[in-house]
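Following this line, the structures themselves.
Shared chain: subunit A. Partners: subunit B in the first complex, subunit C in the second.
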Partner chain A sequence: MREARLFMLLLVLPALSVVLALFVYPLGLSLASAFTAKDGTATLENFAKTYQLYGDDILFTFLIVAVSTVVIGALAAAIGGYLILGENPRAVAFLKWLYRWPLFIPFIVAAQCMRTFLAKNGLMNNTFDSLGLINLQSAVGLLDWRGIIVTFVWKQTPFVALLVAGAMASLDRSTMEAARNLGAGRVRILVEIVLPQVAQVMVVGLILSFVTMLSVLSVPIMVSGGSPAMLTVDMAFRINSYGDYGTANALGFISYAMTGIAAWVYLRRGVSGGGRP
Partner chain B sequence: MKRLVLLSAATVVTLAMMSSPGLAQRKVTLNVISAGDQNMVDYVRDYLGPQFEKSHPDVAVKAVGTGPGDAGSQKIYEKLMAEKSSASWDIDVAVIHQKAAGDMIREKLLASYTKDVPTSKYVTSASATNALGTDATGYVIPMFNSQTAIAYNSDMVKNPPASYDELVKWVDANPNKFGYNGIKGGMSGVSFVVGWVYANAPDAEKLMKGPYDPATKASWDPAFAKLKEFNKKVVLTPGNAGTLDMLGRGEIEMGPVWVDMFYTWQADGKLPPSVKLKLIGPGMPGQPMYYVIPAKAANTKLAEEFIALATSPKVQADGIVKRFNWYPGIDATAVKSQLDDATWNKLFVDVTPQDLASKGKTFPITPYFNDILEGYEKKVQ
Partner chain C sequence: MRTAIGWLLRGGALGCLAFLIFGPIANLALWAVAVRWYFPYKLPLVYGFKYWHEVFDPRGDAIESLSTSLFIALFTVAACLALAVPAGYALARGRLPWRGGILLAFLLPQAMPSLAVYFNVAHIFYSLGLNGTITGVVLVHTVHGLVFAVWIAAAAFTAVDHELELAARNIGASALGSFFTVTLPLAAPGIMASAIFVFLESLDEFTGTYFVGVPDVVTLPLLMFTASVAGNYQIAAITALILLVPSVGFMLFIERFLKADVLAKVGG
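The block that comes next holds the complex of A and B.
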């Protein structure tokens, strides 16, 4: 019995040591640094500075990521819904082929594309202008908070849609067909019958997206020049301009707190779903 | 089948092992690590490295980049700090920014080497002895000097402002036609803000020369209040390249840029020829990058020879001025004789040597620099 246990421990050891060395240890170090002053004493000064300088940015970051998450959820539901409820087989096949593409494009490349696409005289406005929809003289660029949301949504929707569409495809179609027989429209079937059944998967996908977006530096730094800035930009600035790891880690701590809440929801979902995260 | 694959894999590995140690034994590797954009790494790998290897057949130059801006220099600083207690460090030559140079000299991470390099006799700029307030004499030779200036589209702007005060008036009359990248998206914006503080603070000279007095920053409040007002009428661009992009697309008519980036973009056709430069008064900062040798570099002698080549008038003319549109790191008169007039004049057509002498400022000493950035974060954003 004891030997078996030792053997099991040995089996787990490589994975465990990787987690400890590359995740738990740096996390601990970063947390400790957030509460340490430059001279090594314990302090809350870093948090005071964070609040004073970056209070708006914390709220801004949360709002940007939250709004993006909501929009991603709506779009993913729409895409997944059309894939199972759409009536034009060609359009369904086309959408199925098309919607996954952004999944394979890194954030930094997406950000670079959006820089030229969303600019005031960029590709999007130029196209609208030549179609006669807007006048380029009075056009506005979207290279600010709106640009960040557009990029995040564009990049993360396919990920959530992929999960959600998979879950929808495995649903028992009889409930949908029954609803349709009784005269329900497609939107109503999606909202009242399909979505409640895939809510679990949707929430998991959205939480993973939320956490990913919170950690992206390239998009906010490349797409938006103005302030307020996102927390990742502030962290990079704190380190690169002042060599100030204390405040950067305090900002990191706030980031962990946000992801921590998301992770808590994720785990609770997992437990209520019979231990299946 | 599986066996065959294994066998051939083993053969390949053995062959590789047999051939490589021979090479490694013959060659000494000179590790050159450089902060800055990819072009800095390319410069060492494609231009300087081969030249040095030609005169030193037993040496292989290895170039590594650590990324743009002060962040890149910070990484070199952190790497050397981590290696501090070991006997020999794996960086032979480093190319760093001013801010990190000061820190590294104070931490005793750098060797005092310039007396052993013959080209140090050409070094005349003030930045070679003063790295943002730290005495750098003997530790650094500038690789190049770079300068920020205001780029403007001469088709739209007929009489560009000649000073910060005139710029404010111009922006009042032309809202949302001036753009800069704040302080978090690159140094051209930082430089604009520093120039703003120089123009509006009571004691600009003291910020550049010291001594540091923590109370000084209170005197900048009116300057920051004015900048906050100014920011409402300008566009905030995403990064150094973002400003140039917007100028190129005609979204803004004016903005601060690095002179070398400006010329490179114009040469690549990414900016129309109608965009020109103006160094506005009382002045905008520029900065050099330095060649330094770590205190415990494995190949100090070779490193010195490498830097001697890199700072020779010939290389400064062909590499620094002609290829990259940077101002030379060594005395310009020594470089001028190596260049044709056309190349020389191109570099000084919009920003004259007199402009550079009177309006090319340095960045403030480090504590003031940090105060300015933090003041901006607190009072302008």
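The block that comes next holds the complex of A and C.
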């Protein structure tokens, strides 16, 4: 038995060492470098510099990612809710077919799509102009922070909706039907019965999206032209233009910290909910 | 009357959603076949495949980038499967010390913002002479892909009934023999799905390649990025379409490969 366990460990070892060498070790290096001055002494000066140069960008990044996460959550709940509570089978089937399209489209392709679609003379404004909703001559594009949020929501909503819809499909339908028989509206059933039961899955999906959005470099550069910049753009700039690893890693530390806050919120929820799995 | 209003509301909402989902893709497709298009014209003035010839010119950059991308993706899949199949099997059979910690280590590359890690990897690779090499890029893609490969492989092996393996052993198959003739074929659809997934992730990967691949390894996403930032919208749109087709194809076919019983066991 002991040998069997050792053998199993040997099977995992190659994969584990690749992750340790090429992810965990550089991650540790990044954390250490954030707190190290050029002469090798421990310091907080990287953070002082980061705050001074990029204080606004830190706030900006957090707001963009937070707003995107909230919108993604609301849309995923609405899509999942309609899929389970919708009463028109054809509309449900169409939505099921429709919502997943952007699921595997890479961020860089999504960014290129939005870069043209949301521009002042993009297909969106052109369509609105043809419908008489706006005047193209005086229209403005959305290629700024709004464009970043639209791109993130467009790309990440299907992922969260897929998880949430899967969790909703495996719920016991009898409570929903009982509430329906007692005269509860569909929105009320969704908010009061369905969502609390799938909250855990929803939060996991949203945290994974939150982390993904914090790591994307292509979207802020291509959609908003990098101004005002998100942290990823600032890090790439510090590295490519100055080889300034101290400041770049301090920015990296801040992005880990944002993830940490998200994870903490998740864990705290778990505890306050009586430690439900 | 009420049903008519219901239909109108439903149709309107679904129509808006369809416009928001397909509009950006349609705009990309239009740019791919536009030869001349400028403000204030709402549609291209001249359509054609002029830029397709430019992109698919055998001596052009795009063909070279495409083959670089495919080469890297194939090697990444090979590396990921070689690492993930044994690891997934060990995790599925569950007699592993520190199983939770190991699963967590494989999750880490997805649970942490990765950009800061990538430029530190590039920093390390620089001193090893791996920057700007195919090997370096394959290594970075492998770490990224391992998360999915290991988790999906573990789920696929968990879905295989352990009794079948024991039955094969009972009638005289060796441990290795029963693995290759019983377990692996039964887990093959799940492994196949993880291979396709890793292939696509590698094909689409941008950030890691951006830091580790410079200046010599130009994959398709990097070529697309350069074209887009330089304002060559047609070239960017055509290369984006090349990346888009396999992604959408996978989305449409994923359910054939990833059976519900495997999906239910991911993360278990």
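Please note the rule applied: the second predicted complex is superposed on the first by the 248 of 277 C-alpha atoms of A that agree within 3 Å, B and C clash if a C-alpha of one lies under 4 Å from a C-alpha of the other, contacts with A are read in each partner's own complex, and residues count from 1 in each chain.
Here is the rule we use: a contact is a pair of C-beta atoms (placed from the backbone, for glycine too) under 8 Å apart; a residue touches a chain by one contact, two chains touch by 3 or more.
From a predicted model like this one, the values you see are computed outputs, not experimental measurements.
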**OP:** Identify the partner contact of A:53: answer first if only subunit B is touched, second if only subunit C is, both if each is, neither if none is.
**Re:** first
Subject >> Greater residue coverage of subunit A in the superposed arrangement, subunit B or subunit C >> reply: C
Original post:
Of the partners subunit B and subunit C, which touch A:175 in the superposed model: first, second, both, neither?
Top reply: neither
**OP:** Could you tell me if A:239 is touching subunit B, subunit C, both of them or neither one (first, second, both, neither)?
**Re:** both
Original post:
After superposition on the shared chain, which partner residues are touched by A:154: those of subunit B (first), subunit C (second), both, or neither?
Top reply: second
**OP:** Could you tell me if A:127 is touching subunit B, subunit C, both of them or neither one (first, second, both, neither)?
**Re:** second
Original post:
Just subunit B (first), just subunit C (second), both, or neither: which does A:222 touch?
Top reply: both
Original post:
Thinking of the overlay built on chain A, is A:135 touched by subunit B (first), by subunit C (second), by both, or by neither?
Top reply: neither
Original post:
Between subunit B (first) and subunit C (second), which, if any, makes contact with A:143: first, second, both or neither?
Top reply: first
Subject >> Partner chain in contact with A:115 - subunit B first, subunit C second, else both or neither >> reply: both
Subject >> Contact residues of subunit A, present in both the subunit B and the subunit C interface >> reply: 115-116, 120-122, 221-222, 236, 239
Original post:
Of all residues in subunit C, which touch subunit A in the complex?
Top reply: 6, 10, 14, 17-28, 30-31, 39-40, 42-43, 82-84, 86-87, 89-91, 93, 95-97, 102, 105-106, 108-117, 119-121, 123-124, 139-140, 142-143, 146, 150, 200, 204, 206-207, 210-211, 221, 224-225, 228-229, 233, 236-237, 240, 243-244, 247-248, 250-251, 263
Original post:
Which positions of subunit A touch subunit C when the two form their complex?
Top reply: 1, 4-5, 8-9, 11-12, 14-16, 18-20, 22-27, 29-30, 33, 88, 91, 94-95, 98-118, 120-124, 126-127, 129-130, 136-137, 154, 166, 208, 211, 214-218, 221-222, 232, 235-236, 239, 245, 248-249, 251-253, 255-256, 258-259, 263
Original post:
If you look only at subunit B, which of its residues touch subunit A in the complex?
Top reply: 69-71, 74, 103, 181-185, 236-239, 242, 245-246, 249-251, 370, 373-374, 377-378, 381
Subject >> subunit B contact footprint on subunit A (complex, rising order) >> reply: 52-53, 115-116, 119-122, 141, 143-144, 221-229, 233-234, 236-237, 239-243
